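In what follows, structures are represented as structure tokens.
One chain, chain A, links the two complexes that follow: it is found with chain B in the first and with chain C in the second.
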Partner chain A sequence: MPTTTISGRTLEVNEEGFLVHPDDWTEDLGVELARLIGIEMTEAHWVPIRFLRTDHAAMGETPTLRRVSTQTGIDVKTLFGLFPKKPAKKMAYVAGLPKPKGCV
Partner chain B sequence: MTTDVTSQVNEETSFVPSFDDEAESGRKLAIICSKGNLDMAYPALILGNAALGEGIEVHLFFTFWGFDMINKRTQGDLQFSYLGNTAMHPPGMFGVHMPQGMAGLPGMTAATTKMMKKQIADLDVPEVPEFLEMIHASGGHLWACRMSADMMKLHEDDLIDEVEGIISASDFMELTDGAQLLFI
Partner chain C sequence: MTTTPPRLLVLGGGTAGTMVANKVHKVLPDWDVTLVDRDDVHDYQPGYLFMPFGMNTPEQVRRSKRRFIDPATRIVTGEVDRVDADGRRVVLEDGTVLDYDHLVIASGTTPRPDQTPGMLGEGWHKSVNEFYTFEGSLALRDNLAAFEGGRLVVHITELPFKCPVAPLEFTFLADDWLRQHGLRERTELVFVTPLDGAFTKPVASRELGHALEERHVTVETDFMVESVDQEAKVLRSYDEREVPYDLLVTVPLNMGADFVERSGLGDELNYVTVDKHTMQYLPQGDRPAHPEIFALGDAANLPTSKAGSVAHFSVEVFIDNLVQLAHGRPMTHSFDGHANCFVESGHGKALLLDFNYETEPLTGTFPVPGVGPLRLLKESRFNHLSKLAFRHIYWNALLPGRPLGLKPQMSMAGKHPEGPPAAMSASMREE
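Now for the complex of A and B:
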């Protein structure tokens, strides 16, 4: 398994660069992960990211874009605006979680 | 030793998922929706939605029976019948065949439709009207076929607001220049 160094920490990542261990994640690390993919975190970004963290902890899997939208009340269009082009994958990356497995 | 460590750190620091590669390549997907059966509506919705989530430009073109997916009066009431579908089996009962003759009995289509809708809802997958709203909100483009509209005497007012226009087949060909295409 490859490793990468972010904010001075050596972290295990998968072949695509996603963190392998959700417990490695902190909000400070989230800021840095977002910066690496060209996103500056604002409070609007944090709402879905915090939901991803709590939902993953409760359900054992990364929520899909639709689930993030229905559970947080943030519409899909806004999520595309916050995390352009690939919101589900980008949110998962910033939250230090695996890509969502669901189709919808 | 110091040099080795530094080069390793530099190399590893740059290891970030390549999110924008495909998005920047201008990949396009065109899906032609020609069916109005419930089970034939979903493949286009699922694939189109997945493509949008990958940063791919998506155009859906509704033609013939596919109009039922975007007609305000029919889109919430698509049906599923297993008449002519010999693969049909009750949920989870693989290898158990449903007699084709039963599919034509009164009430059978309503029952199979209800069953399929429940299975789809159990997966937290939206119904057709909400799914199309979601695709539109995700940046997907919905187009209606001119000839179908003329045949069925339907106008833009009859169609859901998310439809961007009633266009000819050649207009759609121009719009989807270079796109990958699915006919459903």
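Now for the complex of A and C:
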């Protein structure tokens, strides 16, 4: 597994740069991960990211875009505005989680 | 002393529900089995892909449900209103109450064009088509026959949906059909997907991506549709891209039955949440446990393809476990997510994919290692003939519950793994 250094911490990541260990994540790290993909975190960004973290902890997998939208009440269009082009993938990246599976 | 036989209630008489009813009678002959369905129509759904191209006739695809269900099964016709899990009973819309000891939910998945703004409209089943219903597939046959060239767009709304390779197959078959009818040069064939490639699994995505390239199919990836504008004849995405069409063939959003949601047993798409190895109901959040409830086939939220092969293999595992439960023993059989899909590629050829939860589709031979005769992830005429022949196997062996000689567990024998060593872990666990 490749590693990367963010804010002075050495972290294990996969080929696409997603954290391998969700437990490595902190909110400070989330800010840095977001910055790496050109996103400045605001409170509006944190709402779905915090949901991703709690939902992953409860369900054992990364929620799909639809699940994020239905569970948080944030419509999909808004999520596209917050995390442009690939919201499902980008939210998972910032939250330090694997890409949502929903894709089979 | 008399004892009442255990009551098994099956909701849905499609592939999974029919197999369950028939197999239970073989292994637990004293059980009392009731099956509920809304109608008596059983379609061989892979035939929907072939009907638009005249490769299957409507008559070959449609049968009576009852004909395939063991006559020892009590069949109730009706719409399920809800499952009262705490009361161990199912209430139908007409007020009928059915009590059970064990419940199998096999109510499948349904295309829901109503969930995408603009998809249902005047152009529905005219310029906006689908091939996931009998009516839609027939309409598409006629609309294709009237097509004179232009932009033919094949589109996937969202995952998961039934038979994830079907839109690719449709694209390959359409390419072939257009050539045969002298229309290919007048047609731009476009494949629009919410995924970042042709398919979900890396090796298959690469192979199938090449197949699209070879056929000069334009691929639009990462496209999350927001609406269909039937007036302007365009698909619009959330990130404000537009894909114009003359003839649209879409795969609408798929959802499980509404009664699953009303019963509090489903996820956000109304799929029953289950343990992926036993198909036993797995409550989400603080919902109560109900170990007597199972979901099989497309109705379950298993993280693998919604496909007949998954229904088939998982039913076999379920039946083995049910016999153990019937004898008061713990369940020891585990479903590995095994799926086995033929992919029609046009020109009388097909590919074969074989995969499970852990291992993506690989190249190689099947089912006999090194021999085949089927070739994995490579086009061959024999694969195509096997896919066509499977319709007979489905009606005559699979539904009645006769053994097909295929093990439910996936095998790594005869396959050629590639990629990072992580992909090898599954082969280490082979029994």
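Basically, the second predicted complex is superposed on the first by the 102 of 104 C-alpha atoms of A that agree within 3 Å, B and C clash if a C-alpha of one lies under 4 Å from a C-alpha of the other, contacts with A are read in each partner's own complex, and residues count from 1 in each chain.
In this text, a residue touches a chain if its C-beta (ideal position, glycine included) is under 8 Å from a C-beta of that chain, and two chains touch if they have at least 3 such contacts.
Quantities reported herein were computed from a predicted structural model and do not represent experimental measurements.
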*asked:* According to the stated criteria, A:Ala58 is in contact with first (chain B), second (chain C), both, or neither; which is it?
replied: second
Open item on the list: Applying the document's definition of touch, where does A:Leu36 land relative to chain B and chain C: first, second, both, or neither?
Closed with: first
After superposition on the shared chain, which partner residues are touched by A:Lys85: those of chain B (first), chain C (second), both, or neither?
both
Output check: A:Arg66 vs chain B and chain C. Expected answer is one of first, second, both, neither. What do you get?
both
- In the overlay, answer first, second, both or neither for which of chain B and chain C A:Val76 touches. both
Note to self: So in the superposed three-chain picture, is A:Glu16 touching just chain B, just chain C, both, or none of them (first/second/both/neither)?
What the structure shows: first
- Touching partner for A:Pro2 - first (chain B), second (chain C), both, neither: first
Going through chain A, the residues touched by chain B and also by chain C turn out to be 65-67, 70, 76-77, 80, 84-86, 102-104
Per the touch rule, the chain A residues reaching chain C in their complex are 15, 58-59, 61, 64-67, 70-71, 76-77, 80, 84-86, 101-104
In the complex, chain C touches chain A at residues 158-160, 164, 195-196, 200, 222, 224, 226, 238-239, 267-269, 284-285, 303-305, 420
Note: in the complex, chain B contacts chain A through residues 9, 12-13, 15-17, 19-20, 23, 46, 49-50, 53-55, 123-126, 134, 137-139
Counting only contacts in the complex, chain A reaches chain B at residues 2-6, 13, 16-18, 36-37, 65-67, 69-70, 75-77, 80, 84-90, 93, 102-104
